[in-house]
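Notes follow once the structure below has been shown.
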């Protein structure tokens, strides 16, 4: 394949993949603000920071390069994780299929995994971050990832289920009640999408090993 | 495939994939200390933290869960990135093959990419972190990633070239002269390994898209 | 003076120093949730983490000590900064007195300082952090501090004006409109309190130099 | 007092306050490299970043302001903490005077405090950070602070004893043996200086309360 040009600054905002008024217990006002301002803002900023980075030269102070690169990682991951987050909402919340079996194999029971995942999310309440279920491609392990900032993710991994724990994801509807937000998140998970991601990620893991 | 059990705490230390006395300008003493203590320590700590995590229950304070999960991400990524770092050393430093062509397509010239990569590494001098060349699987973009801590990496990506900028990677041989370390790193890159990773990562990217 | 016992875990929640219904453009619901849940939660967690820390011994894994200590710094600073934040609200927003003169001396004009302070706050929109005006005791400099997390503050300094940029400080009333929140914050600053802090901080700076 | 102009970029490097060849178990080569390159580099970078910050205006992207402010905090605290670190070396390592009594009052015994302080330092081995003993001015508490990065310190506090755990502080002499470095650090502490700082910090705490 021909490789994409780097630092072009032409990333675009994807629309919400569901009707925001249709979710249970997550308001349209909050979902639209989250999508348009936080996700949309990240895409706009990613484009601006890529344009700045394309201009650096040997006179640019190293701390300026570092600052721009850190911003690039922030906005790039914010884009990726937000798209995966919205993409795994809009469902019935009923877990089934391959992911259910996979979680049982990895964690003993899928219920035990859910305890881990909820505890990881709850520990992030009142601050910023993400709770992620990821397939680590190099090992085939299903890992539950804590992330305290957009920049923090598991290396060599594909996110399967993404829970946004930034306060913009819940304060409008739940104020500080992060627990109730996590309940609402689980009630709206699109497990079909998660199963689709798992299938594709397993194929990628196999391809990586050749 | 059957999924690996989670939180088993049975990760093992991989040996150095080259004779440490054979590298040019990177001393055996430093490479062995780096491998045995920093990488080896991360594996040992990953095992301990996984065992602690396997015991959490509903009485565990959320901040304790968060602390353990942050440690898990630290040691898990430290293991992954150190293995990739040692794996891309031991070569001739002569860039050729698919990666050379890919970098030209993405950055205009491979030389321009090298400027970006070196500047990213240099900006990390005196602190902690990694400079990475990664294939972002979802987009097929070749990205140069700044990481100021083991926990920080690009989401949905496979590392192709990994430069350790923690001071344990260079202070013994170069004191604070991070520039000279980056020169020595480039002189020892195993580009055959990088080309192999690129090939496999491209296959994984295709498989991910189905 | 006799020094306080360490790690006692007996910190208490201070009440709001103003009637929350009386502020202009910051709702009672948001202020009370912020105080009771985010600030109050930090105090409760500080007490728990101090009790955990008081029990560590030579068998405690170093990463557990590090995790607890990082939590302690998080909650300790969260307590300090939240108290200073609520303490500098409830006023008329009219800047006068010593602080006005001091800012002019340091920044050319107080207006120029306000531009710096607002830009620092705005840059934190959509994430976590604080914008602070501090007196650096060792140098007597008035510094505008960016902080992206409770743990990040200027060393050897006393906060004079504290702006909470965590999203729990504004999402309920303003959704993602961080700019409008900063306007409302400025309209409610208690500059008498800031002047009082400046006076005391200057006395402390002099005492530090002996 | 007249307040210093802000963002002047004219900070200067202080010389080492001891003969670097005279310390026991910490080499002149390492101490001089640490002072000239890491501390000296921070001062130089602080000046550059202040000059960049003095130029920002309403067209500067918020993420650029944030990047510069984060760099400013990094280099400003690096300057402060490095000066305090070198300033509390060059002594006999024999603890006595007011600090010994104060630590006993706060921690039960000064030995218990030393366990806490050493464990905090040890937990930072292999990465970046500081272990600090600080007087929290607002409360008069003697706190042991974990810091994983220059930007992280206790709010409203004066550092009394400062241990640099960045790897540039020990890798040259000790490779990864952070424990042996901490031993050498303790053998060279200038407790007279720590006692002097305690006296001044107590005076500042009293002055702060008016």
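Letters are used for the chains, namely A, B, C and D, taken in the order the chains are written, and counting of residues starts over at 1 for each.
Throughout what follows, a residue touches a chain if its C-beta (ideal position, glycine included) is under 8 Å from a C-beta of that chain, and two chains touch if they have at least 3 such contacts.
Only a predicted model underlies this, so the values are computations on that prediction, with no experimental measurement involved.
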Legend entry - subunit B to subunit C, fewest steps along touching chains: 1
Legend entry - Chain at maximum distance from subunit B, centres defined as averaged CA atoms: C
Legend entry - Chain centre separation (subunit A, subunit D; CA means) in Å: 37
Inset, instruction - Mind checking the centre-to-centre distance between subunit A and subunit C? Centres are C-alpha means, answer in whole Å. - result: 30
Inset, instruction - State, to the nearest whole Å, the distance from the C-alpha centre of subunit A to the C-alpha centre of subunit B. - result: 22
Legend entry - Two or more partner chains touched - positions in subunit A: 63, 66, 70, 149
Inset, instruction - Quick one: which bits of subunit C touch subunit D in the complex? Just the residue numbers, please. - result: 1-6, 53, 56-58, 60, 62-63, 65-66, 69-70, 72-73, 76-77, 80-81, 102, 105-107, 113, 115-116, 119-120, 122-125, 137-149, 151-159, 199-210
Legend entry - subunit D partner contacts - residues on subunit B that touch it in the complex: 29-30, 33-34, 37-38, 41-42, 126-128, 149, 166-168, 171-172, 175-176
Inset, instruction - Flag every residue of subunit A that touches subunit D in the complex, lowest number first. - result: 45, 48-49, 52, 61, 63-64, 66-68, 70-71, 74-75
